[in-house]
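Below are two complexes that have chain A in common, paired first with chain B and then with chain C.
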Partner chain A sequence: MSEISQQALRAEALESLLVEKGLLSEADIDQTIEFYNERVGPMNGARVVARAWVDAGFRERLLTDATAAIAEFEFVGGEVQKLVVVENTDSVHNMVVCTLCSCYPWAVLGLPPKWYKDPAYRSRSVREPRAVLQEFGVELDPRTEVRVWDSSAEVRYMVLPQRPARSEGASEEALAALVSRDAMIGVAKL
Partner chain B sequence: MDGIHDLGGKQGFGPVLRDDQPRAFQQRWEGAVFTMTRAARSCGALQNTDQFRHAVERIDPIAYLTHGYYGRWLGAVENLLVEAGVVSTAAINGRVAERGGDAEFLIAARPDPALGPIAAETEAGAARKSIRDPLFKVGARVRTAATPKPGHTRLPAYARNRSGRIRALHDTWVFPDSNAHGHGEAPTHLYTVEFSGEELWGEESEPSIVICLDLFEPYLCAVADGSSES
Partner chain C sequence: MDEVLSPELAPPMNNGEVVFAAPWQGRAFGMARTLAEAGVFSWDEFRAHLIQIIGVWDRSAAMDADYEYYGHFLAALEAVLAEKQLLDAQLLASRIDALAARPHGHDH
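Here is the complex of A and B:
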């Protein structure tokens, strides 16, 4: 049997014991899965980015105090106690990692993708971020500073990507559709 | 602790495999394990996030690398539930056997019989009111602690005994090194400290890279500016 199915068996064994003790129900699990699969995700962060692109005042507030700035969106499930948004420019490219576990800004990006939690990304991003970015297809000028944010406490980081060329006049909603999760982690450009 | 979890800078893991998955949970058991952490909270087996992170760090190191993210969480939640006496390893193993599970399969959990429930948080979350002024200002040069610590800590090994500069102040938070073990919240100031690639990786560093870490005040000591340290 594969490792995954053995893990599933052990998880189900533990689940059955907790259900018998009244500490867990199938409904709890179904609700959690539905919530994180459907209601929390990078679409939240994309709305924040799009607003920062069209509203200079909001952009300023976001870069000064992102925790307060995103409050106006009333995102649910925000397990972010302090959010810092870092801005990509022509001279600085930011990327986010958590080398010690897998800290990630759930409120704006949802739960992290598998590769973010795997050893390769966690080990290499602080040591050879340019090589990692190249694998992701991000080509940077050698003079561009790469700034890596290792989320080692409760502060969570999100990247404000540069607005794509030829997006003048697009509505906030249309711009949000252009923003990818990877761009907000800092492993893609738009 | 010098655990397998402390991955920053380790070499040999190869390319990042971008197995993009459309949903947060690919399989039901992953969502079940996620939900179990709440059950562990509600029965007191889990009291704070630092305790949970340390429970992950204490799982079998081979399982840490091979069982995936929710496999690690399963090991952690099992550690905590067994240590708190909510369930027993024998009871879980019995259920696994009833379901036809492989008795040779590596179990991630390694519950410590010396551990048990810890005190509850004084308030939700980890941010706390400042009780004194921060020791360092933005721009100050600092050096990180040189030696490993037993138990939970948030100073990665790759950033030990390195010189950096304070980039930002983040007010006061519970101190994970103490809070994870139920030894009190010991609120302390938190800083973003930036390190040059050369300081961390020497001559082999990629050009123009800066690594920013969020570090608690007890990890830091002042370095006189104008010293030869870069």
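Here is the complex of A and C:
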């Protein structure tokens, strides 16, 4: 006997009604799911970060107008119509949240992890960012300023992490492999 | 924080990261994106309902209550479709009942 949750039944019922109405097909939905599972993810943001580390001109453009700067990558996935990239330095650490729901720059980071959407992260990252960062394992110098960026329907944020020490001479591709999703949300250091 | 991410970033399906914890979550997301891309509603219209529904939960639920993001997501999808007069709540309720009444072990 299979146990089907109430939510699963709701989704199934809704899908059957929408299919009957001719608003979509099962195959359309399959295709959309496959797209977000296989083509959109943080590997895109990692390429952006690596390029900013090796190309000062690109870094400048990225920090000025990230939406325009990443156009050359032709990423798919959306939600970057107004992307702002904030740079971590020795004196400033940035982290990103969406306090109201789950806004996130899909084209560069994929879909958000579960904890990003949870009430605890949404409320605590604003109230006590240092404590949250500590739980993620990020130890900051007390003199480091923490800036929390609240994503919205209008603006999405991504963090440009600091380039790891001892990565001189690494190729852009090798550098991209050093970048983690969490570092681009600002809850990890590299 | 308990999700595994391999050091080398790859598409979610390839690096062990769970995008959807249960199939119905993927169906809910897939329906909403498909309809938005088809212009049935805009993503901003959908998001306004999502923010409203999550806001009600945030203000009323106990701190340790279970939070099911995709449950809110599904409710927002229903709300935006109802707003567009494309979903009848009664019809949805009776369809849910009909599906729930299927014999156990049905193959779906």
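Just so we're on the same page, the second predicted complex is superposed on the first by the 184 of 190 C-alpha atoms of A that agree within 3 Å, B and C clash if a C-alpha of one lies under 4 Å from a C-alpha of the other, contacts with A are read in each partner's own complex, and residues count from 1 in each chain.
In this text, a contact is a pair of C-beta atoms (placed from the backbone, for glycine too) under 8 Å apart; a residue touches a chain by one contact, two chains touch by 3 or more.
The model shown is predicted, which means the values in this text are computed figures rather than measured ones.
Of the two partner chains placed by superposition, only chain B is touched by A:147; chain C is not. In the superposition on chain A, contact of A:155 is made with chain B only, not with chain C. In the superposed pair of complexes, A:23 makes contact with chain B and with chain C alike. By the touch criterion stated above, A:82 is placed in contact with chain B alone, chain C being left untouched. Using the contact criterion defined above for the overlaid structures, shared-chain residue A:54 touches neither chain B nor chain C, since it reaches no partner.
Legend: residue contacts after superposition of the two complexes on their common chain; A:110 is shown touching both chain B and chain C.
Once the two complexes are overlaid on the shared chain, A:128 sits against chain B while remaining clear of chain C. Once the two complexes are laid over each other on the shared chain, residue contacts for A:177 go to chain C alone; chain B is not touched. Look at A:68: by the touch rule set out above, it reaches neither chain B nor chain C.
Common to the chain B and chain C contact sets on chain A are residues 1, 4, 7-18, 21, 23-24, 28-29, 32-33, 36-37, 40-41, 100-102, 110-111, 113-115, 117-119, 122-123, 135-136, 153. Those residues of chain C that touch chain A in the complex are listed here as 1, 3, 5, 7-15, 17-31, 33-35, 37-38, 40, 44, 47, 50-51, 54-55, 57-58, 61, 63, 67-71, 74, 77-78, 81, 86-87, 91-92, 95-96, 98-100, 104-105, 108.
Listing the residues of chain A that touch chain B in their complex gives 1, 3-4, 6-18, 21, 23-24, 28-29, 32-33, 36-37, 40-41, 81-82, 84, 99-102, 110-111, 113-115, 117-124, 126-132, 135-136, 142-155. Partner chain A is touched in their complex by these residues of chain B: 5-11, 13-21, 23-25, 27-29, 31-36, 38-39, 42-43, 49, 53, 56, 65-71, 74, 77-78, 81, 86-87, 91-92, 95-96, 98-102, 105, 107, 125-127, 154-156, 158, 168, 170, 173, 176, 190, 192, 200-201, 206-216.
Within the complex, the chain A residues that touch chain C are 1-2, 4-5, 7-18, 21, 23-24, 28-33, 36-43, 46, 100-103, 110-111, 113-115, 117-119, 122-123, 135-136, 153, 176-177, 179-182.
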